[in-house]
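Next come two complexes built around subunit A: one with subunit B, the other with subunit C.
Moving on, here comes the complex of A and B:
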């Protein structure tokens, strides 16, 4: 007898699982379907298939410039976040020192700050020291929001890379930088890619902090938020939403699958190596 | 960790100089990220508190060195009541999310077998896409001229021009959308604790004659409680300061504390009052972290 679940319970849990999957994906599917409905109101009845909402958003220069602004902000944010997160993760995994608990607490603290308070905090800071609001100020905020997620993506992978690989490199005379460049970084690369994509996604979607510290150029989520009250704009807002959602699902799933394949390969290589040494 | 100890041992052999260099290296590795967070995270948050009591003034209407914004908030406004309403709503959302997510996590850990990571990804994937766009999807589905109402009108269950009151701009809509947003995330820490649970304990319990229900109640559930609490806190905290979902599907009557703060800044332009509310929210979150911080093993979740 299986002590965790009966046969009936097993069937019930399968059913519950698939119901939840339907619940999670139904809104996205509905959004996709209705983005092709030839009707200004996003609702029944179905009035025929059209791609005109997609054409309309491609011609909407305000929307395109908001998308470009978000892409630019997210790209710079992701690069800066990864550059900060890599040394931070190395410290958390490879070093022991006094006050390490405090350091990891500070590095992960942005996870629990209500974003609305962080947004207003940055608004007050930038006003106090006289920095004008611009895409740059949004990037400054987004790096803080993304940093813990990037670190939490890098740390597990770094823990899987045996420290003796780095020690061997140092024993053979390589300095710290060479060791990092030729041993640690190549092995860490899959997680670096993941953390880049996660940081990019977080920044591209972030509206709460950005709404406090955006200058004149709205990012995509800010623009979207401002358009939701205009019913005439809704169909093309939905068309662009569908494109962004589908691209992000593909990117996220691909990066997750890639990360898992890379993890398994690393484990196999290490096991093979240890066997050959033994 | 054994490897760390080994590294430290080699450093000791190299003598004092090597250890000094290593410490310098640690400092060099840690300081960019720490420095960044001190300047752009810790200092701004402290500034909010300073500003709310007038240690700094920014606009002509700001009071210099005054507890007036705090007094107004704590004793003279409806906003403290909005805060308590947000606490209730965040509790409800956290409970609903956990109740929906627990069976799924249990299923993945105990029933799904080898496919569990793939199925977990199926559950998690929507969470990793745009939050705002998912709320938008629900707005399109629920609103008065939306998909659900127009469908029911089409089949004649709801008359033309009528709508369903509780469906949109309602408490129900806020709970539905927030629970929808959080379920995948809540399933994750619960799954981690259930997956690392020692299966032999369950077999021992069953061998000793306990029913499945008793095994669940006395072994599985208590051992998975840390994951449940972690999930609960991770939902409760951001929901407390939520404003996107209430303003898009909740309507004015269901505004949460985040809406009050946002209103003070962007509409009322009373920044000091908004800062007092913001500082209050941070203090509330701080109390929660002190009480429950030991359950927040974020690293286990990340893996």
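Moving on, here comes the complex of A and C:
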């Protein structure tokens, strides 16, 4: 027991902790509960258990196509983001050059630009240069939004990979590309997977930018938002939200566990080097 | 095994090589001729430019000026992967995600050596570094000494024109380091590969090298065999860096047959061989190694040649094999003498009056270093 905290203090801390848990998770619990409530109005009293909202959304072709559109946009966004983030991170970590601070600022700026401003700006840009709105335009917007997160995931990992490993590879006859393929990339892989999943998730539920630049095909969050106008649709919207929630929790937990295992294995090996350095 | 080239031919030549990082001049005009099959050590304190010099040979840094010839070919501007040299890094730099075998085979694979030949050469090289049977392990499962041997095998298996070693034993503990020094020397001797070795450890340099280039502040102050470097240091820096040394500044009282002499009262004197051009009245710095200094009772007869000074024992330090005796001399400077402990220095007490002597041949004059512009 920590003697610095009195019994009363301990009770207070526990109370605060549980209050926080309730505050964070009560909305989600209520969402799950209502998704099984056999009542068209989303409110108590409980009218009995049903799975019919789940059956209904599976038959709702507009919702399914919105889900598919989001999945497609998120997948392409994630791939493109990672492909752009890897070289950007390598340059930021490995190269010394004039104006590096500025470049990293430019790359990370989307973090602090309000999404609503950015969405509006993109809409005007696409209109001006005559690009029709489509899933492609959403992908372009989402890559910009996701890029800083992907870079911030890759950079710390890259900093942990000693530069002399790459020098050793060059020294043994590998060119820059082969060195990247056989040394840097395998060691960077856990962070690559993380940044892919982060980019995917960001794109999948991004609604602000997407709502400006989506064409005729709404993405899932846009569709969800638009259905709030129609009270009859609400229960199945809730049901689909629960499905998305569960799937994303499973994916994130699984990938995080996988990443930790891979990470720990590599960390151990890199730690050996650092021990010998110390 | 590496080459049919004649021993004594030049493996690597540096011609007035210079390199600055920003405002810091790391290498300020280094010229070196490294012979085939030679073990050459770049010795110096940290920041003296030795590692930068090595990295320029490897191709990780490009010189600002000067030429680097690898077996006669100018390699300035050639990428590291296109140079016939291999490097052993200070921190081994083994690839953590590959097995020992995969690490060692890496260079051969890139050179598209056929699989059978490749695995045979890898196996043979692992035998040479006494790691047969370790091929399937990952570097993380090996001790520091074993990792260092893998790094050595990984470089040597490519049969490089020269092997560059950047303080490869720096991370090992003292005992293992001593053992690896002998092993490295033996491997170099057996394979006949040119080794360019960087270290700040003078003992290591003396033990392993055919020749040593002592570097300080971006230039080579002296190059020569370990014996030459140790016994005839050319500059005050070399003398001080390589072993313990007495450096005494004297004013020349007379010059006779290329010997400068300073005379003091009671027949005391310092004699030193000098090059031509030293004249009476000039000040020179005289170097003498402690093990060349004899400490005698003052009553001992003066044999009349070499240097002799009266003094008083200031300190007697037992160092195991050696006993170090500090003597404050009439010249005003302190002279350090080494005696084998077995020869018993126990009879010398602090404050005792003694005489110190050494022969003319055991002294040299230290030159001022000329720093290139």
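The definition used in the following text is that the second predicted complex is superposed on the first by the 254 of 278 C-alpha atoms of A that agree within 3 Å, B and C clash if a C-alpha of one lies under 4 Å from a C-alpha of the other, contacts with A are read in each partner's own complex, and residues count from 1 in each chain.
The working rule: a residue touches a chain if its C-beta (ideal position, glycine included) is under 8 Å from a C-beta of that chain, and two chains touch if they have at least 3 such contacts.
Because the structure is predicted, anything quoted here is derived from the model rather than measured.
**Student:** Looking at the overlay, does A:114 come into contact with subunit B only (first), subunit C only (second), both, or neither?
**Tutor:** After superposition on chain A, A:114 lies in contact with subunit B alone.
**Student:** Identify the partner contact of A:67: answer first if only subunit B is touched, second if only subunit C is, both if each is, neither if none is.
**Tutor:** In the superposition, A:67 touches no partner, neither subunit B nor subunit C.
**Student:** According to the stated criteria, A:123 is in contact with first (subunit B), second (subunit C), both, or neither; which is it?
**Tutor:** The answer is first: A:123 touches subunit B but not subunit C.
**Student:** Under the stated touch criterion, which partner chain does A:178 make contact with: subunit B (first), subunit C (second), both, or neither?
**Tutor:** second
**Student:** For A:214, decide between first (touching subunit B), second (touching subunit C), both and neither.
**Tutor:** neither
**Student:** Answer with first, second, both or neither: which of subunit B and subunit C does A:165 touch in the superposed model?
**Tutor:** second
**Student:** Among the partners subunit B and subunit C, which is in contact with a greater number of residues of subunit A?
**Tutor:** Of the two chains, more subunit A residues are contacted by B.
**Student:** Look at A:262 in the shared chain and tell me whether it touches subunit B only, subunit C only, both, or neither; answer first, second, both or neither.
**Tutor:** A:262 contacts neither subunit B nor subunit C.
**Student:** Is A:186 touching the first partner subunit B, the second partner subunit C, both, or neither of them?
**Tutor:** Second partner only.
**Student:** Share the list of subunit A residues that count as touching for subunit B in one structure and for subunit C in the other.
**Tutor:** Residues 162, 164, 167 of subunit A touch both subunit B and subunit C.
**Student:** Give the list of subunit C residues in touch with subunit A in this complex.
**Tutor:** Spelled out, the residues of subunit C in touch with subunit A are 58-60, 79-81, 85-87, 89-97, 106-107, 110-111, 138-140, 144, 147, 154-155, 158, 171.
**Student:** Could you please specify the touching residues of subunit B with respect to subunit A in the complex?
**Tutor:** Touching subunit A from subunit B are residues 3-4, 6-8, 10, 22-23, 25-26, 28-30, 32-34, 36-38, 40-45, 47-48, 51, 56, 58, 100, 103-104, 106-108, 110-112, 117, 119, 121-126, 128-134, 136-141, 145-147, 149-151, 153-154, 180, 183-184, 199, 202-203, 205-206, 212, 215-216, 220, 237-238, 240-241, 243-244, 248, 258, 261-262, 265-266, 271, 274-275, 278-279, 281-282, 285, 289, 296, 298-299, 301-303.
**Student:** Which residues, counting only subunit A, touch subunit C once they are in their complex?
**Tutor:** Counting only subunit A, the residues touching subunit C are 162, 164-165, 167-175, 178, 182-183, 186-187, 266, 268-270, 272-273, 276-277.
**Student:** Show me the residue ranges of subunit A that touch subunit B in the complex, using the header's touch definition.
**Tutor:** 1, 3-6, 9-10, 13-14, 16-17, 20-21, 23-25, 27-28, 30-31, 34, 41-45, 83-85, 87-88, 90-91, 94-97, 103, 106-118, 120-125, 127-128, 140-141, 143-144, 147-148, 151-153, 155-156, 162-164, 167, 176, 198, 201, 204-205, 207-208, 211-212, 221, 224-225, 228, 231, 234, 237-238, 241, 244-245, 248-249, 252-253, 256-257, 260
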